[in-house]
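Chain IDs A, B, C and D follow the sequence of writing; residue 1 opens each chain.
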Amino acid sequence: MKYMYQKIKELSHSYYYDTVKIRRDLHKYAERGWLETRTACLIATQLEELGYEVLVGEEIMKKEARMGLPPETVLHLNYRRAQKENANPKYLEKVKNGMTAVAGVLKNGEGPTIALRFDIDALGLIEETSQHHYPFQQRFSSCHIGAMHACGHDGHTAIGLTTARILMELKDKLHGTLKIIFQPAEEGVRGAKCICESGFLDDVDYILAAHIMPQEHRKYDLYLGMDDSFATTKLDVTYHGISTHAAESPQFGKNALLSAANCILNLHSIPRNSDGCTRVNVGTVHAGTSRNVVPETAKLEIEVRGVTSELNRYMEIYARDIIKGSALMHDTVVEIEEMGKAYALKCDKSLMDKIRSICEEYMPDLKLSKRDLSPLGGSDDYSYMMERVQSHGGVATYMKFLTPMTSSPHNDSFDFDEKVLEKGPRIFASLVYNIMQ
Amino acid sequence: MKYMYQKIKELSHSYYYDTVKIRRDLHKYAERGWLETRTACLIATQLEELGYEVLVGEEIMKKEARMGLPPETVLHLNYRRAQKENANPKYLEKVKNGMTAVAGVLKNGEGPTIALRFDIDALGLIEETSQHHYPFQQRFSSCHIGAMHACGHDGHTAIGLTTARILMELKDKLHGTLKIIFQPAEEGVRGAKCICESGFLDDVDYILAAHIMPQEHRKYDLYLGMDDSFATTKLDVTYHGISTHAAESPQFGKNALLSAANCILNLHSIPRNSDGCTRVNVGTVHAGTSRNVVPETAKLEIEVRGVTSELNRYMEIYARDIIKGSALMHDTVVEIEEMGKAYALKCDKSLMDKIRSICEEYMPDLKLSKRDLSPLGGSDDYSYMMERVQSHGGVATYMKFLTPMTSSPHNDSFDFDEKVLEKGPRIFASLVYNIMQ
Amino acid sequence: MKYMYQKIKELSHSYYYDTVKIRRDLHKYAERGWLETRTACLIATQLEELGYEVLVGEEIMKKEARMGLPPETVLHLNYRRAQKENANPKYLEKVKNGMTAVAGVLKNGEGPTIALRFDIDALGLIEETSQHHYPFQQRFSSCHIGAMHACGHDGHTAIGLTTARILMELKDKLHGTLKIIFQPAEEGVRGAKCICESGFLDDVDYILAAHIMPQEHRKYDLYLGMDDSFATTKLDVTYHGISTHAAESPQFGKNALLSAANCILNLHSIPRNSDGCTRVNVGTVHAGTSRNVVPETAKLEIEVRGVTSELNRYMEIYARDIIKGSALMHDTVVEIEEMGKAYALKCDKSLMDKIRSICEEYMPDLKLSKRDLSPLGGSDDYSYMMERVQSHGGVATYMKFLTPMTSSPHNDSFDFDEKVLEKGPRIFASLVYNIMQ
Amino acid sequence: MKYMYQKIKELSHSYYYDTVKIRRDLHKYAERGWLETRTACLIATQLEELGYEVLVGEEIMKKEARMGLPPETVLHLNYRRAQKENANPKYLEKVKNGMTAVAGVLKNGEGPTIALRFDIDALGLIEETSQHHYPFQQRFSSCHIGAMHACGHDGHTAIGLTTARILMELKDKLHGTLKIIFQPAEEGVRGAKCICESGFLDDVDYILAAHIMPQEHRKYDLYLGMDDSFATTKLDVTYHGISTHAAESPQFGKNALLSAANCILNLHSIPRNSDGCTRVNVGTVHAGTSRNVVPETAKLEIEVRGVTSELNRYMEIYARDIIKGSALMHDTVVEIEEMGKAYALKCDKSLMDKIRSICEEYMPDLKLSKRDLSPLGGSDDYSYMMERVQSHGGVATYMKFLTPMTSSPHNDSFDFDEKVLEKGPRIFASLVYNIMQ
């Protein structure tokens, strides 16, 4: 049996250059959330070639559960671009208009159902153009101005595809069902929900994912789980009033901006909670058209957070009261759109223990952290999938794969050491093999 | 016919000392709104002695339409005091507990129905105690600490009773119905509504009232009407939340004070109205019990105004939205109680013309103002009665009787020249005689 | 003498087609405030050709007193465009970068100094493109997308140039000094101040201007003056804070948006003023960059108004306290830029009487309004010039020239009956001739 | 040496009934903060009788550093009451007017200086009057209506006096200086500062105190220290504006309530801090005098807190900006008075270790908690004294003495099991003896 883990290690190594190649291609053709059209076609095509049953778009997404979609014109332009960039037409029609989730499924008789999740979207940044920036120097920096893989999802996707490749080679040893999920729109915590609501995870016993993160002093390769994340809800709030000339007849207006100002002030005044940390922010406001006209519309981008899902719920419920009360006050109409949602991460101890023992026994060269958990700090909508799996008795964890980085994520000069692209498929494949053997 | 006006003038003169005596007695036993118990008993007794049909309390008031009542204990203590001060027991039981309106009615066959209105309540002031203050020097200053006739209603009531006395002497010459009304609780514009809602004014063709006002340079004796008043609504608003220890568990509270703070700020931000002047004020706020406890209750005294009844309605509707929206925002419960209401004054031109011609023909010694109207500035709930009479086709006006004063009204050293107590009954009686003859 | 007025009438008539031509040219090459570069060059060239002493740019403007300038890049692009459109290079260098005021001066010995003012800027509208829109149909609609003469300033300028032409023909009959001023940036009340502060009006005895306005039922041709305008101050307010990640370290931010929200709410709560109408509006707000970042900057466009200059000052002083207090509250830095200013109009009765008698005697075919004054409703910074002239004893008025219009001003389908282009020069020239003869 | 600890134990036992008697006397004559006049005289008298050097009032307090004093009339009435209740005149004159701190000092040659601190004030509660309430049943419930020992300070004081008594018996064995401090006005964290600022603690090497707290399941007798307290600042804020009639001339007012409303809302919007918990509360607001008058004055009771002194400072600095900005906004004048202050508790590990070893060796019958620290939850101004002693290199701790209670503290039916009155003096005396021997 040890032999199999050795084989997996060797496959990871021999596929390393292909993995790097995939990563760099994805990096070059970076696509933002719900716009991963070329990306999704490429993933689907590869999974198909590997022999997986391929599910895309509506087959694993509940269309109306998607959050924070770009405008239709942007979706359309994106489709055109993917066409030009030779996206596989077989999948293009299915994934266009923001239906960009892809999964490869392998069923092999009785056994556990295990899901792996990889996120595929890029960020809205203009990538650094300097010879010091390795992707620029090596000519794989983003050719899509305004989209950049600055959070490592290009790496995640490449790891996912090589994991799929390795596992297909071990096919005969695997018993049960394997679902390798490529999720769109993680940035803004928008994409996980629609996959959950499609029911695709409802038979899953184990779900695993990993995020590449900065390695300090080459200390550890791996954390078994994460905590200290924030559950969060992202809301777009638009107050609709009635404009009027501010000097001639102010009384005929309904001032959307007065509603917005109340909303802003009071959101910040939601009482602190002794059960744990909470957060609130109104990140942007755009209101009105002209100095001498009572603003007809005010649009706000809001987020609340809590270190537990309960705390986030406390914030969200209170925030919605404030949002609505502010409308009532000045007789405006308010529209609230949920643009993103994530739960707090709760990694299962039993699963982390299992992974620890697998690693210790079969991958003793990996440097495991002593503590199971490492803080995430922010929010990740993979939590949505974890919660779904856990709610019917499955187990879940979210690992950290550590690798040197040039800067912290979400930075226009971000890059990571590609060595993690060898380590990643090896870990995933080993764990899946252990569970499904 | 001129003879009759001469007779009225002589009667006013010969009753002058009695009128002064009544005024001083009322001044001494000043009673605040809804507490005019001794006052009402005295009025009722005198009207009965004069031969009027006397109606009190529920006979001319709709109990539940009274606004801004004092607490029950205060009403009870007031009853006890009136007992001790020998209020006529026949009427005391009827007027106790804030049922202090009185009317004297005289029916004499066919003819118009004419109503006169006199207000009878004092203000919440502690009267000046100095030899320079005439009522104190002459020993008729208020013996009810905290109540003072500083707006001349003692004079109004005395004028009303002497008018009643004169008109009873002319009884045979009068045709139609005369209703002499003594209204409680004008201060705070609280008392008129309940008389209107009893239906007592629904057959009235003419309604007249007057307010004594400061005379400048002995210029005029009389204005025929008033304008430039504010329609107004007085609201008591109480936010009920849930208290909690502010450090241990702020999240368990519902902060009544946060609702109140929003209410205050936003009431002041109601848009200006190009149709005319509006006003808003939050006069008092009392909230919370202790520094380290989230406030459970916040109580606000609010008023809105507009120079027309429509503008006041605009303010009131908007204010109520704000009041409710502020509750919704912080999940508190709000209680809104209407404590007073007045319309804007609209004096009938036809009635003022009639009065002008009567004065010019039969009382040429009176100095009439050239303009019909003089500004009121504030609010008076006699407007409620005017509106009721006008709504079924009757006519109304609100005169000013001018007389020298020591200070402006609502001042603890207020006093007026009692000569107006001779002029007042003469004018009222002459006008009624002219209309009912 | 009557002969001269007849001659003026005839000249106005014979120059009418030229006037129309100028107006249509200006309409086609509409330029917004501070960008009237081609316009100014055209005016200067014509005045020079007529024989006037021509003053432009710094000769009659105090550079740093200009308010509400566009960004430098816009000024630069505008210069380039004017070059391409063959603006007279002699003047182009002087008027570029927002130095677009022009004046024609005629000095003729002893006598009064009289100024005429014409405003020359267009509005930020995209002109209607429909066959129903006469300028489009006749092919003189704006070729500068986003700039449109929708307030008649093209007509004003054309009237000014024809008035200059007529008066030059009467040169020998005129005694004293004539200053014909073409003012930039009236929209937003930005341009008058810098001309005043240059001192150019400090010897002016009479100043006249007119605005074309909708004529109802062809009733009147002319109002002698205007009132009921609002004094106003336009402020751009920018709060500068410090951004920070809203979840990780909210305490390191300085939230510009919290300052802005307080500013908005409290500006609307400035107390009403019993001396007259006041107004306040926050017309636009733009704040923040991203949902999860504490906003670093918040920019507001604000205006206050009052029906007298004193009331506007009350509002402005109070507003500035609020703007600064809101910064102090959240430790942000605030920048306040004055973008426009106008006083309330006070037309001189003596001048209006003079104009009435001139019109009645020498232009009896003009239909004069019975009342001198007609309400302006909004604000105009010609008030700034009036105040300057009146402050040293001169007299001023602001007439209305009435003509049928297709819509109210500031509308993308605005157009006016060009007949007013004949009437306008006639009136101005007649008045100037009468005063300077 | 063990013998001495045995002796201390026996003395505590034999003085137990006296200790109870003192406690019940203090309970009966409960006095609130700065009003502990009779209490202070009683303490001083007893310390004098025991042989201590007695310091009171200005000898150990910096007068102007006292915070949150009651009004002068209350201080005066309190003096009169203490007179009637036979307070020792020798001390009465020194402690009157809120100079109620007392200390007993014992100097015995070279050695460490050790301070003990006991708080002596009662709370503003009306004590339960029911047979179920032991103090009422035993007739020692408070005879001072509105003052009640509901936080155990009566017990603390009794423990302090008995500790003093025992230690005086061991006088010859003690080397160094002993300062037994009885501190007024702990409730509202007002009294410690003035003692610190007098310099009385500046030579102290060890400072000890204890609070009696509810014992659960008779589990432990003692915690060695406390943490999880809030540093806090209590502020009274008064906005002074200018009143005006709200309808006639709102513009002449300066609305203190508008400043207050902004202050309230914005205090609650101080950003959360990722370094730890913070709190803010506006506990009470009282503003204005009359519905139709713009409020001249608004008074707020405010507190901020943080789990570290730094976090509290962050809150206080921010709060002061908001308080001042709110005044600037509406041109009111603000007065900020510091009514109380406490730091976060930092108990010295070395001292707790020492106490643990003393207890384990010499008082093995005491049930010590396993963890050193137990959370305080609220705030205590003993932290002020700890910080003072620690700032010059001394060590400090704040123990919990656990005993069964009928309810949580600050409750009108609060009572505690008096057995703690035997344990308390024993522990204090043993620790002092160990250190000073």
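Going forward, a residue touches a chain if its C-beta (ideal position, glycine included) is under 8 Å from a C-beta of that chain, and two chains touch if they have at least 3 such contacts.
In UniProt terms, the chains line up like this: A, B, C, D = Amidohydrolase.
Model, not experiment: these values are computed from the prediction.
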item	value
Shortest chain-hopping distance from chain A out to chain C	1
Partner chains shared by chain C and chain D (touch criterion as defined above)	A, B
Farthest chain (mean CA position) relative to chain A	B
Of A-B and B-D, pair with higher C-beta contact tally	B-D
Whole-Å gap separating chain B and chain C, where each centre is the average of the chain's CA atoms	53
Chain centre separation (chain B, chain D; CA means) in Å	54
Distance from the mean Cα position of chain B to that of chain A, given in whole angstrom	70
Residue numbers of chain C (touch at least two other chains)	248, 250, 255, 258, 262, 265-266, 268-269, 271-272, 274, 279-280, 294
Complex contacts: residues of chain A adjacent to chain B	248-251, 253, 255, 258, 262, 266, 269, 271-275, 294, 314, 318, 321-322, 324-331
Residues on chain B engaged by chain C in the complex (per definition of touch)	265-266, 268-269, 271-272, 274, 277-280
Residues on chain A engaged by chain C in the complex (per definition of touch)	188, 230, 232, 234, 246-248, 250, 255, 257-258, 260-262, 264-265, 268, 279-295, 298, 301-303, 305, 339, 377-379
